[in-house]
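Shared between the two complexes below is subunit A, which has subunit B as its partner in the first and subunit C in the second.
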Partner chain A sequence: MTTISSPLRATAPAPPPPSPPRPHHSRRRTPRQWLRDGGLSTLIIACPMILVFGVFSWFPIGRALVMSVQETNLVTAPAFVGLDNFVFVLQDPLLGKAVTNTLWFALLALVFGYPLPLAAAVLMSEVRRMRGLFSALAYLPVVVPPVVAVLLWKFFYDPSDTGVFNTIAGWVGLGPYPWLQDATSAMPSLVLEATWAAAGGTVIIYLAALVGVRTELYEAAEVDGAGVWRKIWHVTLPQLRGVLFITLILQVIGTAQVFLEPFLFTGGGPNNATLTVLMLIYDYAFGSSLGGNYGAATALSLMLAGVLAVLSAVYFRVTRPWSS
Partner chain B sequence: MAANTRTPSVARRRATRPELPARGIVSSHDRRRPSVRGSLGILQGGLLVALVVVGLGPILWLAKAAVTPTQETLRDPLGLFPTGVDWANLATAWTRAEIDHYFVNTLIVAVGAWFFQILVATTGGYVLSVLRPRYGNVIFGLVLATLFVPSVVLLVPLYLTILDLPIVHVSLLNTFWAVWLPMGASAFNVLLVKRFFDGLPREIFEAARVDGAGPFRLLWSIVLPMSKPILGVVSVFAVIAAWKDYLWPLLVLPDPAHQPLSVRLPAIAPYLELDVFLAALAISTVLPIALFLAFQRLFLSGAGLGGAVKG
Partner chain C sequence: MKSAQKRAAIALVGVLSVAGTLTACGSSEEPAAEPTGPVTIEVAIDAGLEPEAIAAFEERVLQFEKMNPDIQVATKEFTWSGTTFAAELAGGTLPDVFPIPFTDGRALIEREQIADISDLVAELPYADQFNPTIAEAGQDADGGIWAVPISAYNQGLHYNRTLFEEAGLDPDNPPATWDEVRAAAQAIADETGQAGYAHMTQSNTGGWILTTETYALGGRIVEGEGEEATATVDNDATVQALEMLQEMRWEDDSMGASFLYDWSTINQDFAAGKIGMYVSGGANYPNLFTQNQMNPDEYGVTVLPLEGDDAGTLGGGTLAAVSSAASEAEQAAAVKWIDFYYISKLTDQEAAVAEAEIAARTDQPVGAPALPIFDQATYEQQQSWIKDFVNVPLENFQPMTEQMFDQPVIPEPAVATQDVYAALDPVVQAVLTDKDADIDALLADAQTQIQGLLDRS
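After this line comes the complex of A and B, so read on.
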């Protein structure tokens, strides 16, 4: 004990040299210097990040790439199958349905959910008093847990004529509508709830951006005789375009991965009218009938991610001339 | 010295900058005209009414339905006032429907997820921003890269990783670790905290080092106490995100005894009487709304935009 630890003992009590603003050594340090410079403590402090990201982020991402070309069934060892998983997914008759449904959901979400928050935010930015109340009210649905929101709306969508929405429709002599039970109205019903749940967040983004609009330009526009609409069109919106471009692509990326609404509202029905790509992935991997086809699920999720990556790259390339 | 004085002055400028611009789209002169003021008032009044009906309406409806007998909710769903208030619904939901149990599960999930998100984000941000080891840039690049991978890619391989952890070969299925640890791997949090640490005056760190503070001491006694604002932001959004999460806990906590509210509510819906079920929904909404009301500024300033967008 004495012989082994004495060199360590000798250095340990010595106060660490008042190291100057850590020079970036160009030459290699010896392990001992590394230890004395606090390299070990740094590594220990970095451990939570490296371990958590390593095991629960980097490793699964790498594994996704490998699994997409393997057959994984948890019983036998994974076997290399080439592009079979991709072929299986592309030949699945449900894939076309899921892709069109997802596109339909994304399109409806844009129609319902893109212009409305913008109009609300522009109007709210002109409010002089109680603006906090306006934005708090707009944001409130975002804080409701999504599962609660869906279950609540599911009750609102009750198809009988005493259902909540059908009662309201009845006041103006409409309905009763089947809402979720009908193949054509199911998807718009889902989008309506999703828009209600998400629009508040977009309103807050636009409000923050509107604070940065340069107001001198309004005066210049007024000198030129511009009315309110022209001021909004020629001054406000052009200055928001960076944010508008970003929210658009983020919304598309978000809606392409929609899962909760179709899963809890309709389970993909009626007649697969609300089956989305992410639901198909879920069914491949965890569904009761298909289930356990982890390779196909990973292949489809990689294809979805690839499409989204290409889409965003093209989008940013195309909008770059206008966005700055 | 220059760097030392710059940070506070930026902060001060931000603090004094008026939140409202001097004018909006409609000029102050126009605002005084009765016709403009009238139409603006009507538009804004209309917006306020719409926001109350759409934003607050469903939540108030839920609050009312939670204490209304089933028959009445079914017969007259839009009646403003219940004829008989049935407070027992809440008690029944809390005890007989075992909402108390699932509520505690949700709390456990949220607190653990909060702890690991704070642990990873602060230590990670500290290493990347203050300690800056040589391998720091590589790690930062890898962390940033995960921001661009949509969560759908992780779903299946992460599930299989939970079933059989690499090297140690342990299954985390049906343990809270399976929810806590993956939530810790949030690149957005690390980035947010690192950026905040980047803005702290480095002279203080040097002074502490000269006084003999090691890396741990520096983190615990200097950096963390200076970072309360950002820790507050990360904490609130960590708890809210854990409260909202559905698909992941559904997959890794198949045992009902471990499941949080979000997973249990759809499962128990068919077995509950409507009024008790709506009371259960109301109970599940109370805490997030209370957090929102308490930290309104945080939510409405857009501090958690990344979280909102990712969710």
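After this line comes the complex of A and C, so read on.
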């Protein structure tokens, strides 16, 4: 490392002079000072964004907080029920099942879905020709609308021996497999499709990050006699760790909120084998045509948000020393 | 830190201001003023209809507008769905006139979530002629009709005549006992490679069909009404029904490979010739024909085999309701539309013939038998009026029509119906996807869950 950085330092231009100290502003500014400093224009510029966020993000969150302590069908007047909705959710025997299933999905997605884009990105970064084509192919599933992708894969997962995957399995004397129609194989089947659908986006992020890794580091590693795997282990991965930490927490948050796949593929079945926390929230709210249990749905939503917020805070605190 | 708190406080005030503004907007909504001139109503039209069916509907709209110059009719695609109805109701996006299943009628009336049109309905000449068992689904505690019954069904065993023939079975002599159903399913699976008997399992339909099978074997899922409603899921008939499914699935292998069907997907596969038999509403034919392009010659339907004491066929139907947001003038126009579009074709010869003539001309099914919402005589009279336009293969319906009036019709569970069905979905799914499923344990869990639902309701 030092063998590379020393000559670079020797040829680097002189650092710019330190910027002059900024004028001291008192903590309390008068409205006139605020106006003179451009406060009004700042507010005007920010206004549309505040309005959009307020209407579409903060207001629903506020409403959810209120609804979680109410019993309401959204038509007649709501009634205040205190923490009853939270108690109901915590006593629901399906909650444990939903949490277990969600964790199972998250684990499978982590084991199979997390390293795959990284490996693909590293391999693609090593390719000298047609890298653009490979990038486009990797990103293609992201472009396919999610519902279309699920319908396509539903076709692939046809459990009869004429289904696409079962036909392929039949060529090597395997199957037919029930895929989505069996409690054991349903969740891995969902993870497979979800990984296919989401990997492209992460591959592009990793490829962009890989461009930022200085080639001198690889050259130095080569001089030190490192092979491909040691270069990846000692140069690539440490240089990507910031991005890796971010994609990891995003993946954990994303998988904790998995809904589309179980909803469209299996409806939470068979026998609740793919019932996730978000599916349970959906069932509370919309499982009954007569109004659903919106209070329980918002209560569980808030609990999920709370758990994810705590998880994220702990994660960032724990990984802070390694992130930079 | 103080600065951060201040910024947070300002942000909070901003959010609350926006929320307050929105709440104010919401709460300042007044009932629509009574229109003095022409009134426009929005009426539901089934989603996903073929162009011919849409053309037939629009022709009926034009006829109505000609008869009622002060009423304009706008159409809106709407098909009731258990998972979206509540949101549409709460969001105010339902049309002024919309269909709902019998299962939702009483609860919506009790909560006043649909308009009280009972006075307007009472003025209709046939208001007191509805079959009392059927009218009950749309009545309040005092007998006022808030939602008008427009169609009724008894559950039937639908079967594919072509697959029957390929399996060496006689399509004119369909199964009359559950043992015969099982034997026919096995023959179809063995001879054709298609599912002999398929079962719905998703979106509350698994519970719906399991309840049907339970009724047919003399059991009940819920006993009593109101506060006295008691779950009786772990009864012998339900156990018998599930054991039969278990044997057909795991011993006979006669139920195919798909076990995540709902009403829509099972109709698709049945119309595509992938299913030999399945249980569903006896009046499924229009959906199979208009939305799934089934070949009419392949279609057959019969009554469910009834076995055991107190066995009956589950009956349900559809009500026409009016949005609670409709003004008085719109409610009056809506009732006129319900009378014109849904009912007059059953009670008035001229209207019946006009409707049948349009339907036949636009290649829509005419004369598909259904359970009458009035009495058998009115039903048979209506069938005689339109006999020249009948274009469905009535002989294929004969196993059903010859017996359906003799079968006792048992209404669906009166309390938390959809929730009860939803709780039974996983039971059916478990039996069909897990070879070692413990039926007694599954029913014991369902019993506890459903009793909890009934207690909360």
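Here is the rule we go by: the second predicted complex is superposed on the first by the 265 of 324 C-alpha atoms of A that agree within 3 Å, B and C clash if a C-alpha of one lies under 4 Å from a C-alpha of the other, contacts with A are read in each partner's own complex, and residues count from 1 in each chain.
Throughout what follows, a residue touches a chain if its C-beta (ideal position, glycine included) is under 8 Å from a C-beta of that chain, and two chains touch if they have at least 3 such contacts.
A quick note: this is a predicted structure, and the numbers were derived from the prediction, not measured.
Engineer: See if subunit A has more residues touched by subunit B or by subunit C, and give me that chain.
Structural biologist: Greater contact footprint in residues on subunit A: B.
Engineer: Output check: A:Phe134 vs subunit B and subunit C. Expected answer is one of first, second, both, neither. What do you get?
Structural biologist: first
Engineer: After lining up the shared chain so the two structures overlap, which partner does A:Asn272 touch, if you call subunit B first and subunit C second: first, second, both or neither?
Structural biologist: Once the two structures are laid over each other on A, A:Asn272 reaches subunit C alone.
Engineer: With the two structures laid over each other on chain A, which partner does A:Gly201 touch: subunit B (first), subunit C (second), both, or neither?
Structural biologist: The first partner, subunit B, only.
Engineer: Looking at A:Phe286 after the superposition, I want to know if it touches subunit B, subunit C, both of them or none. Which is it: first, second, both, neither?
Structural biologist: both
Engineer: Can A:Asp224 be said to touch subunit B (first), subunit C (second), both, or neither?
Structural biologist: A:Asp224 contacts neither subunit B nor subunit C.
Engineer: Which of the two partners, first being subunit B and second being subunit C, lies in contact with A:Leu74: first, second, both, or neither?
Structural biologist: After superposition on chain A, A:Leu74 lies in contact with both partners, subunit B and subunit C.
Engineer: Taking the superposition as given, does A:Phe259 touch the first partner, subunit B, the second, subunit C, both, or neither?
Structural biologist: A:Phe259 contacts subunit B only, not subunit C.
Engineer: Now for A:Val55: first (subunit B), second (subunit C), both, or neither, which partner does it touch?
Structural biologist: Both partners.
Engineer: State which residues of subunit A lie in both footprints, the one left by subunit B and the one left by subunit C.
Structural biologist: 50, 55, 58-59, 63, 74, 285-286
Engineer: Which residues of subunit A touch subunit C in their complex?
Structural biologist: 27, 50-51, 54-55, 58-59, 62-63, 73-76, 93, 159-160, 176, 178, 180-183, 266-267, 269-272, 283, 285-292
Engineer: Taking the complex as given, what residues does subunit C use to touch subunit A?
Structural biologist: These residues of subunit C touch subunit A: 2-3, 14-16, 18-19, 22, 80-87, 89-90, 101, 103-104, 107-108, 111-113, 201-203, 256-260, 262, 324, 416, 418-419, 422, 425-426, 429-430, 432-434, 437, 445, 449.
Engineer: Where on subunit A is subunit B touching in the complex?
Structural biologist: Per the touch definition, subunit A meets subunit B at residues 15-16, 18-19, 21-22, 38-39, 41-43, 45-50, 52-53, 55-61, 63-64, 67, 72, 74, 120, 122-128, 132-149, 151-153, 155-156, 162-164, 167-168, 196, 200-201, 204-205, 208, 211, 213, 215, 218-219, 222, 228, 231-232, 235-236, 250, 253-254, 257, 259-260, 263-264, 278, 281-282, 285-286, 294, 297-298, 301-302, 304-305, 308-309.
Engineer: Can you tell me which positions in subunit B touch subunit A when the two form their complex?
Structural biologist: 19-27, 40, 43-44, 47-48, 51-52, 54-56, 58-59, 61-62, 74-78, 116, 119-120, 123-124, 126-127, 131-133, 139, 142-143, 146, 148-161, 163, 165-166, 181-182, 184-185, 187, 190, 206, 209-210, 212, 214-216, 219, 240, 243-244, 246-247, 251, 261-263, 265-266, 269, 274, 278, 281, 284-285, 288-289, 291-292, 296, 299-302, 305, 308-309
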